[in-house]
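Some structures are shown below for you to check.
The two complexes that follow have subunit A in common; it is paired with subunit B in the first and with subunit C in the second.
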Partner chain A sequence: MDQFNQALINGIMLGGFYAVMVLGFSIIWGVMGVINLAHGELLMVGAYLTWMLNKGWGWEPFAAIIIVAPAMFALGYGLQYVLINRIIERPPLISLLVTFSLSIIIANVVKLIYTATPRSVNTMFDGFWRLGNITIPVTKSVVLVAALLIMAMLHLFLQKTRLGKSIRAAAQNREAARIVGIEINHVYAITFAICVALTGVAGMLISPTQAVFPFMGPPLTLKAFAITALSGLGSIPGALMGGMMLGLVEIFIATYVPGIGTNLGIVASFVILVVVLVTRPQGLFGGLKPVEQAH
Partner chain B sequence: MNPTPLLEVHDIYAGYQVDLDILRGVSLDVQSGEIVCVIGPNGAGKSTVFKALYGFVPVREGSVLFGGQDITNIRPQEALKAGITIVPQLRSVFPQMTVRENLELGMYLEPNQTRVNERIRYIFELFPRLAERAKQNAGTMSGGEQRMLEIGRALMWEPQLMLMDEPSAGLAPLITKNIFESVRRLNEEIGLTVLMIEQNARQGLEISHRGYVLELGQNSYAGTGRELLANPEVRRAFLGG
Partner chain C sequence: MGRWTLLLVLLFLLALPLPKFVGPNPKMISNALLFSMTQMFMLITLASNWNLIGGFTGYVDFGHAVFFGLGAYGTGVMMAKAGWPFAPALVIGALVAVIFALLIGSATLRLKGPYFSIAMLGTFVAMREIVRVAKPLTGGGSGLTLPPYLNRPLFYYITLVMAILVIWFIWWLRGTQFGASLIAIREDEVGAEMRGINTTLHKIVAFSLAAFSTGVVGGLWAYQNTFIDPDVVFFESRTVEMVMMTMLGGLGTVAGPVIGAALIYWLRDVVWANFLQFHLIVQGLLLIAIVLFLPEGLMGTLGDRSSTSLGRLWGRYMNASPQTPQEAQP
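Our next item is the complex of A and B:
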C-alpha cells in the first residue's frame, strides 16, 4: 500500500510538470497550426538560463522566473518574426522541417558554448517531508505548486483578457478573427512569445530535479507529442489530465515493472501515443482538430 | 435617390494572382438604406467582389469609394473602422466561445467596455433568441442560430454597410426564409444598408431594392429586384425559367 501511495504521489508530481511543460507546444499547435519540434530545446535553453543564474550569481532557481520568462518571451517574439511567420501558411511538412532543424541548431550551439557536461542546479527547497512511510520531495512539491499556479494564471489570461480572447478567436476561426479586426500576425507573434516563455519557465522548473545538458530536449518533445494526443490542442484542463496520466503511467511502470531501467518513460509515452492515435484520433479529452485554413 | 451613393465600385479588376484577374471591370453602387443583391453563376466572381472590398484580394485597376472616400485596397481593420462589416459565407462563429463572447469580439476594436455592453443589450433586443442563448457555446447552436449570431456580431460595430456573402449557404429553405426576413426587417427598422451575394437568386432578389447580375467577372444586367425577377433572360439563366 505504501509503495502504491508513493508511486501515486510521485506520479502526480511528475504529471504536474508534464502538464505545464506541454502547454507551450500544444497552444502553438492549436493556434498557429505549427508543430514545434524545437520545443524541448527551448525548454533546455530555459534550464540553462536558470543554471547560469544559479551557478554564476547564486540565484534561487525558482526566482529565475523574473529573468527566464521575459528573456524567453523576447526570444520567442524574435523567432516568430524571423522564422515562424514565414512558414505559418505553408504545408505542415515545412514547419516540421524548419523546427526540427532549429532544434538541432539550438542543441549544438548550446553544446559548443557550454559543452555536453551535465549541469546541476541547487535549490534551497530541498530535502524531504515524511508522511508515514511515504517521502515527499520538497523540490518536486514546489514544482507541482508552481505548475498549477502557472496553469491557473494562463487559464484566466486566455478566458478573461482581451488579448487572451483574441488568441482563442484566432485558434477557433482564423478568417472570422480577421473579419472582426484582430491582427492575426500580431496574435501569432504574441502567442508564440508567450508559449516560448512558458516553455522556458518549464525548463526552469525542471532544472533542480534533473541534469541540465544540451540534448535533454528530444525526449521532452516526444512526450509533449504524446500528451497533446491525449489532451487535445490548446486545452489547459486537457493538458492537466494528459500530463497527469503520462506522469502516473511512467511512475507506476517504473515502480511495478522490474528490471527495465529508467528510460521506460519514453516507451510509455509512445505506447500511449500509438494507442490513442489508433483508437481515438480526436484525442481523449479534447479535439485534436486541425486549425482552420485561411481562405 | 441620393446624389452620392454610400458605396461606389468603379470598373475594378482584381484577382488572387497577377495576370489572372477574376474581376474584369465590375461596377456597382449602393445607396444608403438599400438592400442590393449580386447574383450570378458559380465562378462569376461574386465572392471576389467582397474580398476585394475588404482588402483580402488586391484591386489592380479601378476604384472603390465609400461615403465619397477612396477606400481601394483598404486593410480589413480599416474597412471595419470605416463602417463596413462582413458576414462571410462559411461558418464564422467562434464555436467554443459563448454567444456573448462572440458578440463582444464583434466590437474587438472598441476600447470602451460600457459601449460594448450597450451594444450587446441592443443586439439582444433585436434578436431575443440570442439573449436566451447568451451563455451557450456558439458551436452548439443550429445553423440558423449561428447565422443569426453572425449577423448580430456584424451589427455590433454599428456598420454603415453590411456585406453578406451567401446568407443562405448551408441552410434549410425555411431557415433561409427566416434569415432573409430578418435582413428585410433590419433594413426597415434600423435602416441597415446591405450588399449581398446570393446563389439563391429568387429569394435574394425578392427582398432587395436592386440587383446586379455578374457573369465571367463582368456586369451583365442591372435593375431593381422586380425588374430582374421579371427579365426573361435573367429568369432563364438564373431563376430556373
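Our next item is the complex of A and C:
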C-alpha cells in the first residue's frame, strides 16, 4: 500500500510539471495551428538560463523566473517575427519541417556553447518530508505548487484581460476575430511569445529535479504531443488532467514493471498517443481539430 | 528502354570500374573517395526510399530512421550474438524492418497528416529506448561489436548495385497502376478511396517496401561500421538527411532524391567537413531555407522555369521521358 501511495504522490508531482509544460505547446497549436516541434528545445533553453544564473551568480532557481520569463518572451517574439510568421497559414507539413529544423539548430547551438555534459541545478528547497512510510521530495512539491499557480494566473489572463480574450477569439475563429477588429498578427506574436516564456519557465521548474543537457528536448516534445492528444488544444483544465494521466502512467510503470526504470516513460507516452489517435482521431475529449481545419 | 533506364545503365557502367583505379599513385583515386562514394550511394538509397512514402504517398515520415536502426540491429544481433555470416544476417535485418513496418504501419498509417508524422517520430524515439533497455539482446547502451571486415570495393559494389536497383524500381513503380494510386492517395485520399483504391493496403505496401530497403542499408552500414549502439544507429539526423535531400531535389519525383542526396553529400564533404561541430546547425538552417524558399525542390523549380535555357532543356528532357506518358505521345 505504501508503494502505491508513494507512486501516486510521485505521479501527481510529475503530472503537475507535465501540465504546465504542455500549455505552451497546446496554446500555440490551438491559436496558430502550428505544431511546434522545437517545444522541448525551448524548454531546454529555459533550463540552461536557470543553470547559468544558478552556477554563475548563485541564484535560487525558482527566483530565476524574473530573468527567464522576459528573456524567453523576447526570444519567442523574435522567433515569431523572423520565422513563424512565414509559416502560420501554410500547410502543416511546412510548419512541421521548419520547427523540426529549428529544434535541431537550437539543440546543437546549445551543445556548441555548453558541450553535451549534463548539468545540475542546486536549490535550497531540497530534502524530504516524511509522512508515515511515504517520502515527499520538497523540490518537487515546490514545482507542483508553482505549476498550479502559473496555471491559475494564465487562466485568469485568458479569461479576464482584453488581450487574453482576443487570443481566445483568434483560436476560435480567425476570420471573425479579424472582422471585429482584432489585430491578428499582433495576437499571434504575443501568443507565441507568451507560450515560449511559459515553456522557458517550465524548463526553469524542471531544472532542479533532473539533469540539464542539450538533447533533453525530443522526449518532452513527444510527451507534450501525447498530453495534447489526451487533453485537447489550449485547455488549461484539460492540460492538468492529461498531464496527471501521463505522469501517473509513467510512474506506475516505473514502479510496478521490474528492471525498467523511467526510461520507458517515453514508450508509455508514445503508446498512449498512438492508441488515442487511432481510436479517437479527434482526441480523447474531442478537443483536437481535424487535420483539414488545422491547415 | 526508356531514357531513365538508359541513363541508369550508363551511370552504372561509368561507376563500375572505379575500384580498379584505387591505388597509392596520386593520379589514382584514394580509398577515402571510394568510401565517400559508398556513403553517397547509401544516402541516395535512403532518400529514394523516404520519397516513396513521404513524396509519392504524401505521408511525411519523421521516424524513417527507425527502419535503418532495426535493419542494423537485426543484422548486428544475428552476427554478434548468433554468429551468423553476413548475408543471412542481412536478410534477417531486412525482415525485422519489414515486419515492424507492417505492424506499426497498420496503426500509424490510419492517422492523417501531422498526426502520422508525430506518431512516427514517437516510434523512433521509443524504439531507441526499447533497444537501450533490451540489454541481453542488444547490449544496451554499450552497443554491439560486429566481426570486422575491411573490403571497400565489395561495399562499393553492393551499395552501387543497390542504389541503381532502388532508383530503377521506384521509377518503374511510378509508372504502374500501383504508383498512380499512391499519387492519387497523396492528392486526395478520400477521392482515391471512392474510386475503389484500397488506400490502407496501398499505403502499407509502399511503407513496407520503403522499410525493406532502408533496413538493408542499415544492415550494410552496421557491417561496414563494425560497431552499433542506440545513439549512433537511431540518430535523428539520419531522418533529417532523408527529408532534406528529398526536399532539395524535389518531393515526389524519381530523380529528386538522387540529385538532392548527391548534392548535399558532396557539399557536406567538401564545404563543411572541416567544421564538424557546425554540421547539424548548417543542416537545420539549410532545411529551413529549402522549405521556405524552394518548396518545389530543384526538380520542380527547374521543370517549371521555361524562361531559362537550362530549365527549357531540362523540361524537354523530362517531357520526353516515359515518366509522363500522356505528354510523350505525339
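The rule is short, and it goes like this: the second predicted complex is superposed on the first by the 286 of 295 C-alpha atoms of A that agree within 3 Å, B and C clash if a C-alpha of one lies under 4 Å from a C-alpha of the other, contacts with A are read in each partner's own complex, and residues count from 1 in each chain.
Basically, a residue touches a chain if its C-beta (ideal position, glycine included) is under 8 Å from a C-beta of that chain, and two chains touch if they have at least 3 such contacts.
Just so it is clear, the structure is predicted and the values come from calculations on it, not from any experiment.
Superposition model on subunit A: subunit B and subunit C are shown accommodated side by side without a clash. Legend: residue contacts after superposition of the two complexes on their common chain; A:Leu273 is shown touching subunit C, with no touch to subunit B.
When both complexes are overlaid on chain A, the residue A:Leu230 reaches neither subunit B nor subunit C.
Taking subunit A as the reference, the larger set of touched residues comes from C, when subunit B and subunit C are compared. Touch criterion met: A:Ile104 reaches subunit C, while subunit B stays clear of it. In the superposition on chain A, A:Arg86 makes contact with subunit C only, while subunit B stays out of contact range. Once chain A of one complex is fitted onto chain A of the other, the partner contacts of A:Val180 are limited to subunit B, with no touch recorded for subunit C. In the superposition on chain A, A:Leu220 contacts neither subunit B nor subunit C.
Taking Cα centres throughout, subunit A sits at the apex of an angle toward subunit B and subunit C that amounts to 90 degrees, reported as a multiple of 10. Contact with subunit B, but none with subunit C, is seen for A:Ala169 once the two complexes are overlaid on the shared chain.
When the two structures are aligned on their common chain, the gap between the nearest CA atoms of subunit B and subunit C comes to 19 Å. The contact surfaces that subunit B and subunit C form on subunit A in the two complexes do not overlap at any residue.
Of all residues in subunit B, those touching subunit A in their complex are 54, 56, 76-77, 80-81, 85-86, 88, 90-97, 101, 104-106, 108-109, 153.
By the touch criterion given at the top, residues 60, 62, 107-108, 110-115, 117-119, 121-123, 125-126, 129-130, 132-133, 236-237, 240, 243, 247, 277-278, 280-281, 283-285, 287-288, 291-292, 295 of subunit C touch subunit A in their complex. Every residue of subunit A that touches subunit C in the complex is listed here, in rising order: 35, 37, 83, 86-87, 92-94, 96-98, 100-102, 104-105, 107-109, 112, 218-219, 222, 225-226, 260-261, 263-264, 266-267, 269-271, 273-274, 277-278, 281, 291, 294.
Against subunit B, in their complex, subunit A makes its touches with residues 162, 165-166, 168-169, 172-173, 175-183, 295.
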